[in-house]
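Below are two complexes that have subunit A in common, paired first with subunit B and then with subunit C.
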Partner chain A sequence: MQDLNLLANDNRGQTDLGNSSSLVGWDEVTQGTILQSFEGDATGIAQKKAEERSYSNFNSYTATVASWRVKKPVFNIDVCIDCQNCWVWCPDSSILSRDKQMLGIDYDHCKGCEVCVEVCPTNPKSLLMFSEYTPLDEALSQWPEKKKKEEK
Partner chain B sequence: MAEKYDLQEREVWDGNFAASQALRQAQVDVVAAYPITPSTPIVENYGSYVANGYIDGEFVMVESEHAAMSGCVGASAAGGRVSTATSSQGFALMTEVLYQASGMRLPIVLNVVNRALASPLNVRGDHADMYLGRDSGWIQLDAFNAQEAYDLALCAFRIGEHHDVRLPVMVHQDGFITSHTAQNVYPLPDEVAYNFVGDFKPVDDMLDFSRPVTYGAQTEEDWHFEHKARQHKALMDSRPIIDGVFADFEKVSGRKYNRVESYDMEDAEVAIVALGTTVETARVAAKELRAEEGIKAGVVAIRCFRPFPFDMVRDSLENVKSVAVLDRSSPGGAMGAFFNEVSAALYTTPNRPLVTNFIYGLGGRDFSISEAKRIFKEQKAHADAGHITTDIQQFSGLRGPHLGFFQTKRG
Partner chain C sequence: MAITSIKNLKEFSTNNDRFEGAHTLCPGCAHSMIVRELMNCTDDNLVISSNTGCLEVSTAVYPFTSWDTSWIHIGFENAATAVSGAEAMHKARKRKGTLKDNDAPVKFVAFGGDGSTYDIGFQWLSGAVERGHDFTYICLDNENYANTGGQRSSATPIGATTTTAQAGSHSYGKKEKKKDMVAIMAAHGAPYVAQLAPNKWKSMAKGFQKALETEGPCFINTVSPCCTEWKFDPKDTIGITDLATDSLMFPVYEIIDGHELNILYRPKNIISVEEYMGAQGRYKHLFKPEYRHVIDQVQKDVDAYWDYLQRREEARI
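Coming up: the complex of A and B.
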């Protein structure tokens, strides 16, 4: 079962978008609504892993949009063949993968679009949609059997 | 390194050529443009200067004015000195992106050669496009002739790129009357002009990979108001910086500009307030009326349309008895916008001069010295009567029966 804190550093998904607690006045907002992505010098940051980067509070990485989702994808490691199709297709970079090993879903940023399920080629699929409120262990216990080829 | 361009001390340039020479001397990095009459030669000349090695820059051909301003926004956010030119319908198509540029605080210089807005289609000069930009958050400077189109374009870079301003700037000139009329222009030597403008010093540039930034964020009711207020404050705070740049420009050129220009206003009893080439027509009329009929006529001209010089307009007109504000844009069911702004300023003076509104010159209709004199004389009649003796809004130079709206409400 997926570790829900997978690859997260301290400030991933820490703020709920639209529920900002620290609203400042006109004299403190940034000039031109230009938002800095990282704290400090970001030279070479593309080579660092997400959990090693100093994301700023303005970075979308630190905001969670989990509440936008009504259904969630659940990942079954026993069926997955690590083809990386879901990682390629995910529009929100919410497939967590390291060294071409599929590890799970970034539930802070996944919006439940179901594209990963659609493109998963395994039988049964290694990603399936469940109600947001279904616990992961319960979802995994309901996983369907492999479909048999139809008799000719 | 750019090739040397031979310049005489005095050149015969039209407004378009003058503006394009300012772009060359400022060594603009990127021009993204979709040429439109009557501003075409500005960007056309920039392209030829790049092709011939006079500018180390890039001309970007795009598919519309919306794309032209979008390209300028991208290049400016990337960290370059950016400029373009447009008119009329092209300006209208740019409008959406004008607000993006000012909201992102990008110091783009847009040369606007003023032209009427269709329909009916018209290529001649009026101020409909200039008025369309008045709420867009840009600084708007107004040139009345070719020399000023050149001078103000150089000043525009200095003003917009100033780190306490960081706002886009429009330099307006009248279509054809300024843009296509060759006049004596005294350019600065290249090195003097470039040193005046200075090297471009980027702020929040996207090509700084040590400090990645997001441009074009979304803000809803919790943040939008604060950002727009800060932007408005920046525009208001640009006023002393504009004055400072004009003062510095006088040191290198000997030519002094003011956000509000006053001509023969020291003892004036009646005044015309105007924009663009009409200012020079009205100045001639005022001089002649003073000599011929002893009417103390003067002219107030707005050099800096945005930020609107509310206090300077008030100071220059508060001792006048009657003022005619000339709007060269179809008011679309209201008093002229310029009239409204000048009137609002004068309402806060103790004397509250009489103010009337003339809609004139639409679609390039000529505005003559004799018509300016007639308007001055009408103001004199108001001043002598102590009240407005005509409709408050009238049309000048219009064929057909008299057209006018609203009269003074008196007890």
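Coming up: the complex of A and C.
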């Protein structure tokens, strides 16, 4: 019996909780991290374009992943037919489309995955990959000519 | 509910993105294509919950968040539980009239990878569907635990090599077949269950809108090719998805009320699974003569499953 009493009073390895006032209820527990995506009221944010929104510093829109890129996509507006294939399949929300028109590429968020170039249906493609350091006008001057259909 | 027009891509593209860039998913990851599409196909307020996985760790890298909606993360397995709790609270507060805007439509969505849907979160998802909460669960199926380095999950198909089911001189990779999650969820009696693919953007957006509109628990399994673990070039993400749907490795279909099956995409030219497997590094070893029989086996299974789907569509059972 003595052994059992010893066991019952053995407090080794147990944290001393102190007096009961330090215990908190379920609604008083310290919250996890809460990051606000926007400054102020975010009502109706789905109706606002990116340039009309007030992003907070916690929103990854204010960050950049441009350093991930080795090659960058270059957009040639003369060939584009505004099919928006690149917009729907861009994994990084980097295609700037406004009022059904493709305007260009958001180089802060583009990782250079080349998906937009692959899905571009025009001939020649209106998006092509160039080295990160190629200036825009130089890239546009190197644009290939329209390819003729291969003769069978 | 305010659904956005998906008549054609031009109209769809007038939506404003609520999933921001500069998340840290791999370049060419299909996860963000699927998430973007879901958030673009509605204007309603969204309450989103994510299981642990690639999507969760990449979109909430402290101090940044890529979500312009309410987003919650708790544990590996309980996105379905978290979102069903939020939904129950919303319903109660709506009844009591204590919400800021009592009439604003809110949709509840949970995202999980295949590891947290097929394996770890299976019980939690099953419970949430059984309780009948009004939410949509979307599984981003990349067929392995990509976040932790490509371990096998029960969604990994037979013959694929993973870091815990490696191909070598004595093994052809994973030896077990993939779990049929869509059929399991349909058997729960969920009002809308579907398998969709990001390359068919229209059927995917339609499926998402249908699931959000449907009252009750909906489950959607989406194919999400993983360039890192399937071992292909990031630019080929959509091309690989095309191969997946055309070879019928991932048939695109929906099941309404557990019995009404509709096939949403019938490939004009059905290609062999060999072509799909040949495009990916994880199946490379199967092309050795000693493992050829695995490809033949997979082809047989895929043909039989397509036959089964077609017969079910016709019989309406």
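The rule is short, and it goes like this: the second predicted complex is superposed on the first by the 120 of 152 C-alpha atoms of A that agree within 3 Å, B and C clash if a C-alpha of one lies under 4 Å from a C-alpha of the other, contacts with A are read in each partner's own complex, and residues count from 1 in each chain.
The rule is simple: contacts are C-beta pairs under 8 Å (C-beta built on N, C-alpha and C of every residue); 3 or more make two chains touch, one makes a residue touch a chain.
The structure presented is a predicted model; accordingly, all values stated were derived computationally and were not measured.
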{"item": "Contacts of A:S94 with subunit B and subunit C, given as first, second, both or neither", "value": "second"}
{"item": "First (subunit B), second (subunit C), both or neither touched by A:N85", "value": "second"}
{"item": "Superposition-derived comparison: subunit B or subunit C, residues of subunit A touched", "value": "C"}
{"item": "Touched partner set for A:G25, first subunit B, second subunit C, both or neither", "value": "first"}
{"item": "Partner chain(s) touched by A:K111 [first = subunit B, second = subunit C, both, neither]", "value": "second"}
{"item": "Contact residues common to both interfaces of subunit A (with subunit B and with subunit C)", "value": "33, 35, 37-38, 42-43, 45, 58"}
{"item": "Footprint of subunit A on subunit B - complex, ascending", "value": "103-106, 166, 203-204, 209-217, 219-220, 222-223, 225-227, 229-231, 233-234"}
{"item": "Subunit C - residues contacting subunit A, complex", "value": "9-25, 27-33, 36-37, 42-44, 59-69, 101, 198, 201, 233-239"}
{"item": "Subunit B contact footprint on subunit A (complex, rising order)", "value": "18, 20, 23-27, 29, 31-38, 41-43, 45, 58"}
{"item": "Residue ranges of subunit A in contact with subunit C within the complex", "value": "33, 35, 37-38, 42-43, 45-50, 53, 57-65, 68, 82-85, 87-94, 97, 99-100, 106, 108-115, 117-119"}
